[in-house]
Each structure stands twice: as C-alpha cells, then as structure tokens.
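Both of the next two complexes hold chain A, though its partner changes from chain B to chain C.
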Partner chain A sequence: MSNGKDFQPKIVAFCCENSGWLAAEAAARLELGYPEKVELIKLPCSGKIDVLYFMKAMEKVDGVMILACQKENCKFLKGNERAKSRVLQTQRLLKEIGIEEDRVTIQYLAANMGNKFVEIVQNMYDKVRELGPNPGKVIK
Partner chain B sequence: MENNVRVGVFFCNCNGKLAEKVDYGFIVSEVKKLPVVEYIRESQNLCAHLEGELIQKEITKHQLNRVVVVGCAEARGEKFFTGVLKKAGLNPHHFSMVPILEECSSVHGNGNAVTAKALELTMMGISRAVQLDEVGFGEFAVERSVLVIGGGLAGLETALECADRGFKVVLLEKDEKLGGRLLRVNTIFGVAKKPADLLQEKIKAVEGNTNIEVFTGSRLVDLDGAIGDYTAYLCKGGTEVKIKVGAIIVATGVQTIFCPVKYGLGIADNVIGQMKLERVLADGKDFTQKRISFIVGKATEDYNLSFIVGLKNALLLRKKFNATVNFFYTNVKVGGDNWEALYTEARAAGVNFFKFVDNFEIAAQNGEITINYEDPFLQGKLPGTHKISSDYIVLPEEIVPAEGTEELAKILKLELGPGSFFGADNAHLLPEYTSRDGIYLVGGCQFPCMMSDIEISAKTVAEEILKKLYADKVLVELTSPTVDATKCVVCLTCYRCCPHQAITVEHREEFKNLYKSAAQMNPLACRRCGVCAAECPGKAVQLPDYTDAQILAQLEAMEG
Partner chain C sequence: MIVAERKPIDEILGFLSKHQKIMLLGCGGCVTVCLAGGEKEVGILGSELAMARAKEGRPLEVVQRTIERQCDFEYFEGIRHEVKDVDAILSLACGIGIQTVAEAFPDKVVWPGVNTKFLGVNQNVGVWAERCQACGQCVLDKTGGICPVARCSKSIFNGPCGGSQHGKCEVSADTDCAWALIHDRLTRLGQVDSMREILPVKDWSHSRDGGPRKLVREDLTLESGK
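Presenting the complex of A and B:
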C-alpha cells in the first residue's frame, strides 16, 4: 500500500437525520464540493450508532465519523452524548488492536451548517490522508 | 424478509441535471447484473404528473415488492413515492431512496469517480431495499381526558380550550381556590380588563363547564403509564384518588423571590418589589408628585418580563400621579408585540431612562434613597458621578419556578431545563413540548412569559392533544422498535435509557424466554430515536427502517 500523495482515503460518515444529513443537503444546495470518497449513511439519531457499525465500516474504509446535533440540543435529549461514548468505546478497541484512534471521530453541527459540513468532511479527509491507509482493512 | 424479493429500480434524471455528471448507462448495465433486480427504468423526471400512475402499473405488471428510486432526497418526493407504493398495494416502507443529486451531482465535479460513487450508492440502496421489512398499523384504545396541573390563568385557559375540543378535564389546584398569582396583579399590559375580573370570568366558565372537574387543595403524587393511558394518583385532603387520563398539562407557573440585598438594600417601607407595587397600586395608594426610581437588571437578565412590567408601571405612575419616574436599566429588552411602542410612549410621557453598567450605588438614609451613578454614554459631556434622590425605589423580584416543581418533575419523569424551569432549551422542540409525548407545558412553568403567550400555548397544546387523541381508538403506524423476545434477557438497559419513557417490561406466555417477559415499546409514546436499539446488549431491539441488518447491508455493499 502506498502512502504517497495519490492516496485517496475512503471515509464513511454516519449522519443524524436531524443535523448531519440535513447539513449534507444544505451543502448540496449551496453546491459546495467535498471529496468523492466520502459516503453518508443516514441514522434517525446519532444515538442509534453502534460500535458494531464502526468496526464493520473499519474493515473496509480508512476513517469513520458520526455527525451529531450540537451538544445539549439533541432532539432526543442525550443521543449525541451516547454517540460520544460509543466513539470513545470504539477508539479504545481500535487502540487495543493497534489502529490509530483518530480514524474515528464525532463532530457536532446543526441542520443549516452546509459550510461547516464540508469543512468537517474535508478536515477528516486530510487527517486520514496524513495517517495513511487503514492497516486494519480486511482484504478479501 | 421473504425469499421472493423483486426489486424495481427507477432512475430519475431530474430533467437532465443528473446525467450531466453521472454515466447512467454504465450504472444501469451494472445494476442489471444483480439477480434480485427485476425491472429497471430510466426517466427524465420521476416527480412528473403521470409518472405516479406509470410506476404503479409497472409495480403490478412486474410484481415488484421493493422499489428503489435513484434521484434526489427531497422529502416531498419521498412522500410522493410512498403514496404510489400504497396505491399499488405495497407497504410504503418497502421503499429506498438513493440521493444521487445531493451526494454526487451537486457536490462533486465530473469524472469517473463520480459515476463510481453513484454506482456504489445505488448498490447500497438496493442492498438496503432487500432487507426492508413491512411496517403495519395498530389500533389503540385511548383515554380521552386531560389532567391539568395548576389552577392559575394558564391552567384555566387550557382547561377551557381542551373542554371545547370535547375532552373530559380534571383541573388540579394545590390551593383552596382557583386563580393563582394573577389575582395579586393590578393591570396586565395590553389588556383593558382588570385581572381579577378576567379571572372571575374564567373561573365561572370553568365551574359552569360540565366537562371540567375541579380538584382544589390537591396535588399529584404519582403517575404511571404513557400517553393515552396515564394513571394519575391524586392526593386530596389526605385521601388518595386514582384517575385515568390520556394527557397531562403542566401549568404550575412561577413564584417570585424579593431580595433587595442583591442591590445593597435592606427591607424598608420605601423599598418595593414589583409584585408589591402591583398590590399597593390595586389598593389605591397615592404616589402624587413622588420621586420613584425603578431598577431593572442584574439578577433578572435572563427574561424580559421584569423589564416590561417595570415599564408598564413606570408609565402608569407618570401618567396617573404625575410622579418623577427614573428608570435605571442594564439593557432595554422590548422584543415582543407592542413592547417597543410601550417604551417609546414611556419616554414621550417623561419617564427618565438611565443605562447603568458598573458604577452604580444605592444608599438609603432617613427615608430618602440616593442613587450614585455614572452614565456610560455621557462620559465626555457629563463626566463624574451623578446623584439622584428618590422617595421610593422599585426593584424586580427574581422569578423562579413554582414551589414543588422539582418534585413534580420527578413524578412526571421529566428533566428540567435552564433555570430549573420545565422548558427545554432545544431547537428541535416547541416550547410547549416535553421529552414525553402526552405531557405538555403551558405558561410560566416553561419560562417566565406574558399573558399573550399563555393564550397561544393553551391553543397549541389543546390542538396537539386533539391530534394525538382524536378518537376513542387511534390508528398508529407501528414504527416503534420491535423486540425479539428470544434474545431479551430483561436487563432493563432500554428501559433506563429511553428518553421518552416509552418502554415497559411485560410478562406474557407467548414470550419464549426464561422469564416469559420482554421489553415492549409503546408506539404512541415512542419517537423512534433508536437509542434503545443501539444500547441493547443482546441486539434484541430493532428499529424498523434502520435495523442492524439494513445498515450492515449498506456497509457490506460498499466498496473497500
């Protein structure tokens, strides 16, 4: 695997349908661009995220993130806090098997933040690109 | 999931917007290779007028039982397609949407990478569609009655609104008579009637209404159940009364705390709180030619009620008694109906407004109060400290939630928001809503508010309850999570983490596990956040449309 300049990481972003997903739509309306190899998966609330989803995604991609509502502003009270603890749990597991924790993050944003969405995605993309390919990828 | 899955994939070009960047020909040829896909069609615009009927015919002709639409993610479009599915006799949940417009065309440039991503998204959408389950409807018997806690203006108003809509209402008041705090108020801004008369009218209407039952000297001691089926335990004079209600409205209001020490003053006859001023004005005390200073700020910065009440009384004293009125404030807060006009009117009538920031001292001596103050705006022209003497000084009380709010919150299983008021500071919720369906807030218990807000809230809440409990039996889509009893070990994780108290543990013979029990989600109370499904350690809980199988299928279909 090359860690050269042409390395294009693949990222999965799990999106809360009250914030991240709508922010992605807002970004589309504003026609703001972000890297192609970013896939979005819709969830009803960031609290629906499961360590299993993160780990399953990490078998294939280089970085995963969850986009949640702003702190203390979850439609379901504490979904985003639960998501945060899932992220920490996943990070612990990844560390144990020798994978960089930074490949999993949680980011908070609101439904109208199209610009912020693109910024978050781009930052994550750049960070994972620096980290290089995910050593834990399952090669079939 | 049944074995005979026949997927129909419909590509929408959104009037040429999509094909510009995405090579549909290639995607179609790839999708055709999938054995589950029975039918593929490309269309210029799937939302067009006659497309609905066409899709419906195609579904019947090719016996499709899953529909995937590749196009945009517009919510309007989604409703349109689920409507088409319903007409074709399919379950509307057998539908998957792939938002190529939002995720590819609008945000990426040209090139093979875009087509590759579009193909991947389509594949993910089809994999998800294969895993989709049916979601049916259930009929539930509900109690068409409402419990209103608090017999103040908010409670009376809401009780009347609910009774108007055909609900049986139980009105609970902890004191011996109805009326609440408004009885102690002299005038209401923007209302011509005297508050006492207004309350008498409402109380008469409530007492004359056959749909409303009034419990004075009572309080709520315990609560069971969920929306449509609450069991409330009331305590009336030492005896417990058990009633069944469908919804609960909290209208407990506020209380005020007078604390002149915060302003460096002690308790004295000429130091008056705003509520006391209302009372002495109602009693007819004479303020002719007196010098009166109002101070609003410091402790009451969170809400604008104190400012408006101060403004109203300042104008009244100026006009009625020709008093010299000085109004000291930190910020002018007049964001509301006609409030700015009130401020302008007060200025024009001769109320003196002084802004203060830090250098502000109040000294009381021999029945006269002197205010030493520096004007932040006139530092150049009038520097130094100015002395203003007054006969009376009016201070705002702190407005805090009514007594017993914390205990009530515990009984109702609600979390308190900022300032320990019931109102949640949440952009996703209306101020009347709580985290539990069937429990609503009206009036000052949300946050200090004006009378016009109460009228609006009362109507909102009554309509909301009517929407939820529209008949004795209501039809609800069973989108709440389902529990696989064979996997449930009754660990109560979901019960504890549900933010809407929608989960109960039930014991039934049909549950095939050691305890013959399993957690059950109430479809009326559930708001389908999926937290229980995520937290369940045994993966017994699955949220329809977002089951583990569906999400993992999407990840599986993704290319590495």
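Presenting the complex of A and C:
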C-alpha cells in the first residue's frame, strides 16, 4: 500500500529491562540512530506486558512491539512465553475489528545487541510505514 | 462462580450501532474471576470498540467503569450521575447483573456484553467446567459431593446409565461420567454400599419447574423493604 512519503508512523516498543532496554542503551553507546517516533517503555520483564497495554497503546499509535529476552533466556523463566501469548491474543482482537495483526509483534534479543536493536526497530518502522496509518486510531 | 464469556464483537458492535456515547460497565464479582467482565476486560473491550468505530469514521465515546458488584442495587449509586449522560450501558456482568442494571436504570437502554454460561469451577488457566444447576434441593450428601444434576448429561439420579464407558459419558468422550466419579469417590470413602439405596424421584418444584424462584428470609427482612 502506498501512503504518501510523509507518513511517519508512531510506534511504542515495550522493552524488557534485561534485554530490549539494555540493547537500546548499547545502541546509544554505539551512537546508532533509529526513527525518532519510536517510544520506548521499560518493563521489569517482558511477561509484564498485557493485552490491555497493547490495546491502550494502539488507540494512539500505528504499531506496538515487545522486545523480550531470547528464548529459554528469560530471567523469570517464562516471561517471554507469556508475552508471546499476549501478542497473539492482541493480534486476534485487532483482526476481529479489521486492523492488520502485523501492527503488533514480539522480537527477541540480548542485552548487548545494540545493532540488532536498531535493525528490529527499523524493520518494524518500515513495515508499519508500508501498512500506513492505523485505521482504528482513536486519539490522533 | 458464575461463568461467562464475552459476546462476539460483531454482535456487540451491532447493539451499539446507533449510539455515540456509552458506559461500558464491568463487575468486580464472578466475571472478574472468570476474566470475562472485570476492570481489565472493560479496558480491553473499551479500546476495541473505540478503535472499531474510529475505523468506521463514527467515533464512539466509551466511559469505562467497574463497580464492586452489579447484582446489588447499592453499588449503582456511585455511577448514577454519569449514567444520565450516556446513550446506553453495555454491561459485562452475568445475566443477573445485566438485569439489575436495567432495573436500577429503568429509562436507560442496557445491552448484554457477555453470554452467561453456567455455575462452575476454574479447572485450569482458561478452562471452566459446570458444577451446579441450582436445583434448589441439593443431593450432594448422597452422591459423594459430585452433582448428578449438573454433571450427568441426563441428570440421572440412580446411575450410571448403560452408556458409561471407561469412566466417560456416552454423550461426549471429553466428559467424565458423573456416576463413575460418584462410584469411585464413594468407594474411596468406604461408602460405596450407599449406592444400593434407590434415590427417590426428584421434586423439581424446587427448581425451575416451579416457575421463577424467590427466597425470603424472615430473620433478615426489614419493614422498610429493600
């Protein structure tokens, strides 16, 4: 879909403080840039994410993501698995009201992966830019 | 607890199609525990409804409230002043709560947001099973604490029937035969001989067959009424 060159998606990235958040700090130390309309929100574990947080965020942004520890590597054992099931549930809710499920995603990385962090965020940004503005946005 | 499940989103959106501002009302009782209509479900459904309507270009304002219980009149007093400003109330309580909302706000349109399923137990995360049909005259004393009314597919009182196979009910392989459960439990308790006693025909007038039921306890009633 083409949405005009000017569209700059807003994205919220919920970050586990043991992986995604530290990877963002690693990216900053490496002076790597990523799109400025990506807002990071720190969580104590990816398992803290909730369908409710995703849905409330989706009322005002174009895409949401959760950055979790690599599989088998969650400090709280199953937080990343729980996060994954909440992503799936959010995707189901969006789909039933006709909003693209790709606007919600989970990605896995480790604390030292500054480059990977930027790659993940940039990929999501590009994908959401391709999808265009969230048609269900409530708060413009 | 009373177990309920959210209605399909299209059905709910259909109810609300003519409204611009509604109150989405959760209940802090059973539907909070069974994850169908508590504060969190109000938040999630509120977002979903608002997004669905924003997408159609017909915004819906959703006032989100959750009260202690919807099956007691006093808890509505705290929201009465806000109810007058909405077109309708979408209740996520069980059928009892929904009817109490309608009775408390006689001039307001009230929509059901859930399907009330049964009286049951939470067996596992996301799994509930029926346990009681509120028959009005409990026989659990005679059946080892396992209900033949709600858990036997045929509500047989002197089971099992001929369809009981390896502990499962002939109606569905997923369903335990209630009478096999009763037999096994009475055996464990050393009371299996009690199964020789023929249970009399049940007096269903204590159940729905006697029409809608009402309970009045003289020891509790006040002259002033409600």
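Keep this in mind: the second predicted complex is superposed on the first by the 136 of 140 C-alpha atoms of A that agree within 3 Å, B and C clash if a C-alpha of one lies under 4 Å from a C-alpha of the other, contacts with A are read in each partner's own complex, and residues count from 1 in each chain.
Assume a contact is a pair of C-beta atoms (placed from the backbone, for glycine too) under 8 Å apart; a residue touches a chain by one contact, two chains touch by 3 or more.
None of these values were measured; they are calculated from a predicted model.
Asker: Kindly say whether there is room for both chain B and chain C on chain A in the superposition, answering fit or clash.
Answerer: Chain B/chain C on chain A - fit side by side.
Asker: In the superposed arrangement, which partner chain does A:Lys56 touch: chain B (first), chain C (second), both, or neither?
Answerer: both
Asker: I'd like to know which partner A:Ala68 touches here: chain B for first, chain C for second, both or neither.
Answerer: The answer is neither, since A:Ala68 touches no partner chain.
Asker: Touch test for A:Gly136: chain B only (first), chain C only (second), both, or neither?
Answerer: Second partner only.
Asker: In this superposition, which partner touches a larger number of chain A residues, chain B or chain C?
Answerer: After superposition, B is the partner touching more of chain A.
Asker: Contacts for A:Glu96 in the overlay, against chain B (first) and chain C (second): which applies, first, second, both or neither?
Answerer: second
Asker: Answer with first, second, both or neither: which of chain B and chain C does A:Leu77 touch in the superposed model?
Answerer: Touch status of A:Leu77: first partner only.
Asker: After lining up the shared chain so the two structures overlap, which partner does A:Lys37 touch, if you call chain B first and chain C second: first, second, both or neither?
Answerer: After superposition on chain A, A:Lys37 lies in contact with chain B alone.
Asker: Give, as a whole number of angstrom, the minimum Cα separation of chain B and chain C in the superposed three-chain arrangement.
Answerer: 5
Asker: Could you give the residue numbers on chain A that contact chain B in one complex and chain C in the other?
Answerer: 50, 52, 56, 59, 137-138
Asker: Could you pull out which chain C residues touch chain A in their complex?
Answerer: 9-10, 40, 43-44, 47-48, 50-52, 54-55, 59
Asker: Residue numbers of chain B touching chain A in their complex, please.
Answerer: 73, 99, 101-104, 106-109, 113-114, 116-117, 120-121, 124, 415, 425-429, 435, 497, 499-500, 527-531, 533-535, 543, 545-546, 548, 551-552, 554-556, 558-560
Asker: In their shared complex, at which residues does chain A touch chain B?
Answerer: 10, 12, 18, 24-25, 27-29, 31-34, 36-37, 39-41, 43-45, 47-50, 52-53, 56-57, 59-61, 69-70, 72-79, 82, 86, 110, 137-140
Asker: If you look only at chain A, which of its residues touch chain C in the complex?
Answerer: 50-52, 55-56, 58-59, 93-94, 96-99, 135-138
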